[in-house]
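Here chain A shows up in two complexes: once beside chain B, once beside chain C.
Let's turn to the complex of A and B:
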């Protein structure tokens, strides 16, 4: 059975198509302002890329913050459930999933079947999410793709004490004007974001093996900073960003 | 149902209700905590009015209170400073948490109502000495009211008031039982409005109306129970009726609660015989406690598990006011207690406003899916 998962995040829209549990393809594009258009586009582009027709997809599950705006999906499920299922699909041994996206960060515990046992989500503040890193990369005039890697060259990471994104940006600007080494500041930024995520994950008692998913998992600086906090290796799949869409496609097969 | 709408209107527009009551000549005493001896206020011919705090603009309170004080206390202070509570003749502050105690001082120094009282209740509700102390505190409160309003509170009036409040408690409990049995009979949102309205409305009118609502609901043919998962809500004050509708949208029904705007308000009846003050004191020892009181190390966990089992709730949602120290201190142990009984739970911290609907629905839907 062919199934699809559509994950509409705050910044990017993701699609995944599976055939009897095997990934045929995945795709990422920007969400923009219209969820419905974003969902259709990412889905149709992926179909075209794979040379498939929409009718050949039997079941579709939508997820992400825009999940209820995807009219062609058979069911909408939360991204927490889908990331748990996706991580379990990629590695069934995983027991904790840390999903950091554009404006949300979540930690969830999954059982041996990939079902969510407990979860926690940032509520009041977006420090420790992709948007925080984006704002900081802009303040540092560094391309977001290079941002994480640069942090690995730090001799002595700076200390960023503000939790608030706006105050943290001011702190970064004063560090720049003081002439602090760029890599040190960038490492400090990653440590600060990782601290938020770590503190949140500890509330549910993160247990190994830990997998990181979501767009921010592509940032090696964030992964290393989190590994330092957890004092253990964090698994990151090449499909981390589309993990929610994969989970949705897996769940579509169970409808 | 017409009578339900009356409660909901009072819960939505408490100030308008209080002003109308005031115009009819009734003096009003405000309070914030369910340990307030409402019967004594009522027996004095005064109206006990629970204050829930403004949800509109609480910035006035920020001049006096740090941002780490809960939104209930900041909202109540903002309300009184903005002049929204001009109908009050006074207020009473039972000592529950430190923040309410600090509010009491700020209130006393910044308002000019006729009556003000701190009622310093005991924390440990296990000893004979605390029982004797509580009785003395209540007697003093009775005397303070008598002096301030130049009246005499008779034992007969106290017995009548006890009867009225017992009816309110009994009927609220009945309505909760009716909903637990079949949630289709009355919505969580309506029941929330009824409990909240019962703390605002004239108590004699509320008692009568509750009896009527309970009778009508009992007589009504039961529509089939909805196919939603049964959950219990635990925490302090719930001023967010939207929580009930959002949970329904996410596939869950709140079938019981452990809230001070819920079962902790109506739990425990007062004996109608013997000395009325001793009887009122005894209820504090009998009722379900909040985390600002002590009965035993594990009593709250045991109560919570028992309520979940009795009402067949598959999960518990902790609805807590951000920065509420007593509830936050209890949360880890309560969660462990539920975990050990395999009852899943989730924590939702709220302030005067609920978090964004999208975020909240994501958490509710995930939790309901887990059950």
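Let's turn to the complex of A and C:
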């Protein structure tokens, strides 16, 4: 059976197509302001890339913030379940999934069957999310893609004490004007975001092995900062960004 | 039966009477200056019975705060208080009430002016400053009933200390009202207060039935009387009627929601401006909020009351209420409710307004998970200030939570 998962996040739309449990392809594009169009586009582009027809997909599950706006999906499910299922699909040994996306971060515990046992989400605050890093990268005039890697070159990370994105930005600006080494500030920013995510994950008692998913998993600085906090390695799959869509496609197979 | 007919069947007959009583109550309070009856503003957990004995009309800024929230006036009033210099982190009841007093705005054109204020800090420390501000503003006497926090148990020293204040409270009332405290009447009022609390507990207990005849959202509505008119016959009569209706519903198999599959416990104050949205949201998942820690607070200390010695024993009862005890004891009572109502999950409102209610929640959550292995979820908000509520986040969280609850069942 061929199934698809469509994950509409605040910044990017992701699609994955599976054939009897095997990944045929995945795709990422920008969400823009219209969820329905974004969902259609990412799905159709992926179909075209794979040379498939929409009719050949038997079941579709949508997820992410825009999940209820995807009219062609058979069912909408939350990111929590989809990320748990996706991570379990990629590595069944994983027990904790840390998902950091554009506007939220969450941690979830999965059992040996891939069922989610518990979860926490960030409260209404951009701290510890992709948006936080984005704002900071802009303040530092650094390309977001290089942001994480730069943090690895820090001699001694600066201390950013504000949790609030707006206050942290002013702290960063004052560090810049004091002439603090750029890499140190960037590392401090990553430390700050990581401690926020770490504290959240500890609330449900994160247990290894830990996998990180979501767009921010591409940021090596964030992964390393989190590894330091957890004092253990964190697995990141090449498919981290499309993990939710994969999970949705897996769940579509069970509909 | 059509959906509309089913909906009608689920409506409460007693709801109308409740509205009538509350309207009469507020009319009486608002016309007190003409009838010459004194009005006291009192905190929600305060000892109201002596006021009833003295024929003083008790008025509750917190109950009024709930009205402000439910009528979507909270954000505006809170913003006004902030413009006056009050912090956004302050309890939204306090902010709304402080702004309202100045404005005479809010529902029903504001509260009647107080002749005295009675502040009991068994619910929080916020009320101390809040009532001091209002005492200065209205230039009226303030009585502070100080209940020490009960980390564990209740010491003899605390008992003596609180009991002593009941005498001072009575002196205060006698001075302000210029009349004697009638001891015989106080015995009657005490009896009625206990009777009312017992009936309220019985009403809440009907939710142990499956399907539950009521939800916590209904309890939030029916609660107003035990808060405001405790100690009067009105409460006893009304809850007797309500209890009959609940039992009838049970007999006829009428559930509060169409299809109860999951039973949920709610912790903390309601989110007053989102009651409808939340109740529909949970009902759409076939989840019935069967019980809550909030409405239980007004009958939770009956075990400490000696019916034949109300005045003496109320010292202990008023000190040991839910918000004035340690986290372990709070957790114990939550665990008890989980068993009693046979719930499948717990929803906690992390209420940024109410610190004493919200501080221990993460610990309680961990205790619940350890002892019962039940899923818990958190909703962050302020109970009256709508600016703090993020619909899409809460929506996603409830969906995910219900997915987990249904997976487990």
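What we mean here is this: the second predicted complex is superposed on the first by the 255 of 255 C-alpha atoms of A that agree within 3 Å, B and C clash if a C-alpha of one lies under 4 Å from a C-alpha of the other, contacts with A are read in each partner's own complex, and residues count from 1 in each chain.
One rule holds in what follows: a residue touches a chain if its C-beta (ideal position, glycine included) is under 8 Å from a C-beta of that chain, and two chains touch if they have at least 3 such contacts.
These numbers come from a predicted model, not from an experiment.
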Task: Side-by-side fit of chain B and chain C on chain A, or clash - done: clash
- [ ] Considering only touches as defined above, state whether A:61 meets chain B (first), chain C (second), both or neither.
- [x] neither
TODO: Determine, under the contact definition given at the top, whether A:246 touches first (chain B), second (chain C), both, or neither.
DONE: neither
TODO: For A:116, decide between first (touching chain B), second (touching chain C), both and neither.
DONE: both
TODO: Check the residue A:222 against both partner chains and state whether it touches chain B (first), chain C (second), both, or neither.
DONE: neither
- [ ] Would you tell me the residues on chain A in contact with chain B in one complex that are also in contact with chain C in the other?
- [x] 65, 77-81, 104, 115-119, 121, 123-124
Task: chain B residues within the chain A interface of the complex - done: 322, 344, 346, 349, 355, 358-359, 362-363, 365-367, 369-370
Task: Complex contacts: residues of chain C adjacent to chain A - done: 350, 362, 369, 375-376, 378, 380, 388, 390, 392-393, 396-397, 399-400, 403-404, 407
Task: chain C-facing residues of chain A, complex - done: 65, 77-81, 104, 115-121, 123-124, 203
- [ ] State the interface residues of chain A toward chain B in the complex, per the touch definition above.
- [x] 65, 77-81, 104, 115-119, 121, 123-124
